[in-house]
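Down below are the structures I want you to see.
Presented sequentially are two complexes of subunit A, the first with subunit B as partner and the second with subunit C.
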Partner chain A sequence: MVGEELTEQETALYDRQIRVWGADAQRRLSKSHILVYGMKGTITEFCKNIVLAGVGSLTLVDDRAVTEEALSANFLMPPDENVCSGKTLAELCRDSLNEFNPMVRVSVEKGDLTSFGAEFFDKFDVVVLSFCSLATKKLINERCRKLSKRVSFYTVDCRDCCGEIFVDLQKYNYAMKRQDETTECELQYPSFQEAISVPWRSLPRKVSKLYFAMRVIERFEEAEGRKPGEICIEDLPAVLKLKKEICEAQSLNESHIPNALLERLVMGAREFPPVCAIIGGILGQEVIKAISGKGDPLKNFFFFDSMDGKGIIEDISDPNPKG
Partner chain B sequence: MASLQHSQEIKGAKVLMVGAGGIGCELLKTLALSGFQDIHINVAAVIGVNIGLMGINETAIAVVSWGSGSDGFGSIGFKVSFVCEMAEMIRSVGTRYVMIINKLAFVMETTEKQGDGLPYLEVIDMDTIEVSNLNRQFLFRQSHVGQSKAKASVARDAVLRFRPHISITPYHANVKDSNFNVNFFKQFKVVLNGLDNLDARRHVNRLCLAAEVPLVESGTTGFLGQVTVHVKGKTECYECQPKPSPKTYPVCTITSTPSKFVHCIVWAKDLLFAKLFGDKNQENDLNVRSNDSCSSSENKNNVFERSDDEDWEQYGRRIYDHVFGYNIELALSDEETWKNRTKPRPIYSRDVLPDKMTQQNGNADKTDDLSPASAMASLGLKNPQDIWCLMENTRVFLEALKLFFMSRKKEIGNLSFDKDDQLAVEFVTAAANIRAASFNIPLHSLFEAKGIAGNIVHAVATTNAIVAGLIVIEAIKVLKKDGCYRYGSIFSKINENWFVLNHMQHLCRMTYCLEHPSKKMLLMPVEPFEPNKSCCVCSQTPLSLEINTHRSKLRDFVEKIVKAKLGMNSPLIMCGLALLYEVGDDLEKDMIENYTANLEKVLSELASPVTDGTMLTVEDLQQEFTCNIYIKHREEFDEEKEPDEMVLSGWTQAPPEKKDDKTSIGNGASTSKSLPTEPMDAQKDIDVKEILDGTASPGKKRKLPEFSEGCSPDQSNDADETMNHKKIQKLDDDDDDLVMLDHWGKDTSKKQRSQ
Partner chain C sequence: MAESTVHQSRSRDLDKLLLRPGNLVAPTFEPGAQLRDDLQEYARILVVGAGGLGCELLKDLALSGFKNLEVIDMDRIEVTNLNRQFLFRLEDVGKPKAEVAAKRVMERVSGVNIVPHFCRIEDKDIDFYKDFIIIVLGLDSVEARSYINAVACGFLEYDSDDKPIEETVKPMVDGGTEGFKGHARVIIPGSTPCFECIIWLFPPQVKFPLCTLAETPRTAAHCIEYAHLIKWDEVHSGKTFDPDDPEHMKWVYTEAVKRAELFGIQGVTYSLTQGVVKNIIPAIASTNAIVSAVCTLETLKLVSGCSKTLSNYLTCVEFFLILLYFGISSCPSGCGNHNCLLQYTIHVTESDGIMLTIEMYNGMEGLHIKVTEFVKDKDCLACGPGVLLELDTSVTLQKFIDMLEEHPKLLLSKASVRYRAMNLYMQAPQVLEEMTRSNLNLPLFELMGKVPKDIVHVTGTTSRDDKKTSCLRKLRLVFKGADAVTDQDMAVGA
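Our next item is the complex of A and B:
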């Protein structure tokens, strides 16, 4: 790759990781611009990872004020009230992230994410959303897809001991390496809307139960007009009822979404720090892969449940996409 | 109480974590966030002699070696005086310097900052924060590079910023110190390892076994990682599977017939570098001779002596011509060797670089200059990723050699290769490349050569973060189980598919982070293995040792077997009731003399002779680890295959290296002929890879009949019907085949899930 060479300082700082992904990848990273929304635990972990990795810039959007809940899985914010007063979540996280790696520009953009136009998103190579409503996910995903350049789009959610990552790299080309062989691969990703519209009965029987459970919770929050995570054990009967309805409509055996799993997701709306670390780590790796073009990107969902310990990739896309 | 979150067990639990490196930082953060309130950290200090100079903004770190006789904390006064001497020089330079001398570091501010002209002095761990740590050890900042604090304290302070009310106790000491004994370990509910070396891992493993404390062990390299749980009697211990020893190369490959770049690196590092700058009396006299043609016309002893009328360049060129020219010619004369090999070509400096390197850089002449002595800098070579041509390598070789003798004269004779020593890396890169050119092996960049020579392990922050998360999950499960035993079944609420947490099934899991998905999985959990019945550590199975009892000394046995192979720290060796050797602080003078004398004796000539059929008992009191070794006398050993002249069998036999070291980057196999200074980083790397390879190749995959054995006998008592039922239900619920990992050992057929 032609481009400026890494500085001596960069080579020294990134020595160990350059040995993993090479100097070209490091150069690409240092020119990338990332946007994140939703400064909770998982995103905090993710931000730490990519700031340490040495991306070009990171822009944070989250105007919310600091709450006890926001602090629970976030290691970027000191729980000191004097420090927190008047600052938004994004601003506090920016201050800490800046210290992690002075070579990365970390900034805050204020405002409502859904009101930002195409020219705003056009500045970024990667957009990551966390704790967003179904409608916001769809909206921002579509906005990114309409841009002339390819923007990698991710959503990430952690509830209780579980986590989910969604990836949309649109049309993505990369060189797949296996031992000595390198093959050119092209992956075609569906949008979030397209992915979740794939009829459940046409999905393979082994698809992670978490996929279905997360969709039920998502639909429930949307129907009730709740913010993500605004759910508690009292909602369980209604959630179970909704699950029954959806399963019937989708002709899916109800046992594919165990009630116990839904109960866990409803009860443990908060993030679980070890899961934040794991999901934030996987997401960091995925974003680094997508920017650097090194490594197999996951398509298009990733699930982790600390109960069974599996971190599973699921490809949820229409086998016969239209057009 | 299905969730692992908000566990009561977490709050009261006292946990010990060992290591504050990449995994350690992530682990401490995740523990604190997860609600752990009593965390103890032990940072093992790494002993190493470092020489190097790095520039970081206005701060410069001068890493200064002190002779090999100094052991760190033993001689502070000595060093302080040295530092004051250095302070004079620093004051004149006018920036801030940190000096690291063996384990100790001294921070000095210049008069400018202090105002009073006195050097500001503090002591920190040797395991200091380096620039190349910052990309993943996120609790440390640029400002901590050289800050006068130990890693564990810095990490502690960083975590207290977001969790001020928890207790974090740092210990800045080697975990192998005698005060971290079994009683110390017993106070913890669980021990979490985030270590980077095999030695400390083995030590902690033994203490955990002795103290009966569960151990969560971890390791990462690049995108690969693994987390395993070790519970005495229930699962295999860390040492149940043999750990591959560092890759060794046959001597003749290194000295005569290199075929890979790594062979050239080993030659440059362990032979040439050591000969020129290290202890000249070392017995590495296989060194620069190409083969055994002793008819050498030149006096070998004198080749490396500089005569008075030579300048440094002449001297350098003479060494150059000797090792790259003359020695190759000599090797070529033995035609037998080259029948089936490509002949090397001798290289002489005048052919590559006819002109004298005239540009005498002014600063290179000043011996007291503190700017980094670098051949690259003086020759204007910038990019460490570039591959130098033969001419450039020649110039670097000559320049680096000159710089060593001119600006680092005091260290000559005591130097050993260090990957953080820029000049040493430059010299070794150039020498290896010239040799590679001679043998028709592709040349490599300094960056690549540094990785190979320094056994640098790939590391990224993300894998550490993931592994730390997995460690905490396992730790919580361990604690939950502990809670169950104490409070009875508090998880009595059993719903349809509810998991029952209070049993081994959920207690133990090995998890692998994969680079490429396997069975759609990036994180792959595996049921743990049961203890290896022939493990000499947790099953105390005797070992047998083939050794020439008429030739080998007790010292050979102590160094090569007891310390290197068995990983004992303070051993005690008995032959029947007779004490042959022991290490301790409280020994009588005559005892010490006796032991020292014993060390030099041949085994069969000891007062209690060790001969064929003798049973030796080797014990480490601190580790509470005893091992019996049957001695088998053997007369002859294969020089190339068994260079130790000893063969220990039973359990430590690592499998032969399967991996071909074709990647130029020095991860995997240790590239040193002997044990490198920081040898073990690479170990677990191999570990992980081997295991993963095993998983990936279908031939090795193996499905066990699910729970065919039911519970292992020792657990059947506390496993009632319901639990068995539940377990099976859980498995039915799970469609995927459980992947069993085949370990390499010959005992695979005995392996079962610990359930």
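Our next item is the complex of A and C:
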């Protein structure tokens, strides 16, 4: 697994996907190290996909105890409580993921992610956060950006039957293929902080409403000191009030954030299994692209709403980046 | 508010979808716990295929609350399946896919019952398919889809106003993937186009002309197919080529290399040889996961009538490899330096016979999901009212079967004939053939209870692209002069 050439076992097992992205990309995958935080439905789908793809290692962080809610939406959990008792979410998922592909080293890291220093994040090529507070997203993103090597950074959130992915590849060079031509491309990604600081009124008119709605919910949870997802229908009036304030501050017409959408997100802190699979699948593809260096990466937000079945890419960055 | 008084189901997410009215609900949708509970208790869903899509479909449907699933697949597990068919382990190699898949999902999701069927789809009686409210397809061939489509559409009947009779409509949700590309679509026989209506959508199967293989090869694939289709027979006359025999494959590879050297062609590898000879479809886990989940969402919406079904065709396309499908290479609105959301609508006029509405969301050709609308073919052999045949009341069943072979729209050989719940004649199995053989000499009109007109279903084999495939067709029979005879009688059937 760690040698230069793929082993015979790897070649047999990965045959069908080597035909998609080539042996070179497969080698790079087998040397990559991924860190994920927050073992909810979407992340477990993502983990399944990259473990099957054959990454080098996967480190899981989630010290929460198993709950009945987690069992029903999470395929990695056997429904038998006896098997689960005493284990954390991360530990249970690790046991299942090992079965999907014994060639991938899946491990658990305990502790508060925000307390880990630069040396910890330096061990990874990819960091994926799920169900993190605004503050944590910014903090971990900055910690990754300060490292000398590039660490690809992703956040993912699913609420009700919607999903959002954020991508930060910092400065990313790749070969873009069109018809028979290959052009060298360089993309400059903003940090999460930079992206959400882009004034709303400077964004194109048709930007996904979900972008704004997610930001309102994010701000609400931060202002109220809530954990991500710790929100319910009783909070709706306060959320709508906050929306009004933010829209005024941003000179954005309130109609850009339908109340009905906010209501859905407020009530739907729980994830919906098929949406987890879609978002987890897309996230899996993005991480594989970033590691292998092949294919056009997503820049920089992706939104999905199963009510209309549309998936939308938004580039939310400062049109005049400094430096 | 409904939620506080209704018992919360284990899957509260489904409650969100079904316990509230929404903007996009169909007129028939009534929000409420009754609907949700019925859905979970009684809906029987069939998943066709237990491979890359099938595994994901079973997981998604079970987690979404469906309690009664069945799965059919004729294959056994192979090592090359394991990179994406996550329900299978190394020690499962050799076992039937349907059985292992069913077992694994039942272990992980409590309350779901999955019945596996380890057999070919053609081996099942047509009535087997009748019991499911929706059939979800995770197939990897045009032929298999065509067959299931004909079965499901075969149940469809039209009333005297040419409207589909609702009770006979059996919807299908069809998924397909290849590498990073995939599609999901909904087929509602009688309303949306069926699989046959728009079969032209599939790119033509790659077939190299014999002269290219024999005289003027240009690519590695030509060299391989030369060795496989021409040279093998020359050297091993009589012995059938077995693609699963490594010795045979090595021989083809060696010959292909020799030929490539002769013509100065690069690129013949053992892996490519296998791929070309076995027609291997490159496949990864994430595309299957996405497409299956989209199919699951559509199944939920169909079953509960709770949201406008995604304008019948959702395509999730990944421009990882060069995509010949669309040929769109730059943002048409010409926006400058930022990769904004771009949306444009294409209308193709109805003079082409099709109406297309394409909405595209495209960020520098990264990932996009588009929604497309197509229109059904009213003369479709599968979902239309059925090929009309006028017969004399004296025509025997044998004569009828012979006619099917010659009929230009059917060209159906070795036909078995079924009317209502009765097998009039079955070519196989032997027991049924013997039992129904005596019907061959009887007039079809009498076998059908002397109705002046009705629908029969025939199955047999037909030729498509020089390949023999199983085929099912719905036929409208009208007996000449019968109306006069049976005017005083009670008509049976439609």
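Just so it is clear, the second predicted complex is superposed on the first by the 320 of 323 C-alpha atoms of A that agree within 3 Å, B and C clash if a C-alpha of one lies under 4 Å from a C-alpha of the other, contacts with A are read in each partner's own complex, and residues count from 1 in each chain.
Convention: a residue touches a chain if its C-beta (ideal position, glycine included) is under 8 Å from a C-beta of that chain, and two chains touch if they have at least 3 such contacts.
Being a predicted model, the structure only gives us computed values, none of them experimental.
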item: Combined model on subunit A: subunit C and subunit B, fit or clash; value: clash
item: Partner chain(s) touched by A:E5 [first = subunit B, second = subunit C, both, neither]; value: first
item: Touched partner set for A:F75, first subunit B, second subunit C, both or neither; value: both
item: First (subunit B), second (subunit C), both or neither touched by A:S317; value: second
item: Touching partner for A:Q285 - first (subunit B), second (subunit C), both, neither; value: both
item: Touched partner set for A:K299, first subunit B, second subunit C, both or neither; value: second
item: Subunit B versus subunit C as contact partner of A:H256, first or second or both or neither; value: neither
item: Touching partner for A:P204 - first (subunit B), second (subunit C), both, neither; value: second
item: Contacts of A:K40 with subunit B and subunit C, given as first, second, both or neither; value: neither
item: Of the stretches 76-84, 202-210 or 310-318 belonging to subunit B, the one that collides with subunit C; value: 202-210
item: Shared subunit A contacts, counted only where both subunit B and subunit C touch the same residue; value: 12-21, 45, 48-49, 52-54, 72-73, 75, 77-79, 99-102, 160-161, 178, 206, 260, 264, 267-268, 270, 272-278, 280-282, 284-285, 288, 295-296, 298, 302, 304, 306-314
item: In the complex with subunit A, residue positions of subunit B that touch it; value: 2-5, 26, 29-30, 32-34, 54, 56, 131-132, 134-136, 138, 141-142, 159, 161-164, 222-223, 382-385, 447, 451, 456-466, 468-470, 472-473, 476, 495-499, 506, 509, 511, 513, 515-517, 520-525, 665, 667, 734-736
item: Subunit C - residues contacting subunit A, complex; value: 1, 10-14, 16-17, 22-24, 56, 59-60, 63-64, 79-80, 82-84, 86, 89-90, 107-110, 179-180, 271, 275, 280-290, 292-294, 296-297, 300, 307, 310, 314, 316, 318-322, 329, 337-341, 343, 359, 361-369, 371
item: Touching residues on subunit A, where the partner in the complex is subunit C; value: 12-21, 45, 48-49, 52-54, 72-73, 75, 77-79, 99-102, 160-161, 177-180, 204, 206-208, 233, 260, 264, 267-268, 270-278, 280-282, 284-285, 288-289, 294-299, 302, 304, 306-315, 317, 319
item: Subunit B partner contacts - residues on subunit A that touch it in the complex; value: 5, 8-9, 11-21, 23, 41, 45, 48-49, 52-54, 71-80, 99-102, 160-161, 178, 205-206, 258-261, 263-264, 267-268, 270, 272-278, 280-282, 284-285, 288, 295-296, 298, 302, 304, 306-314
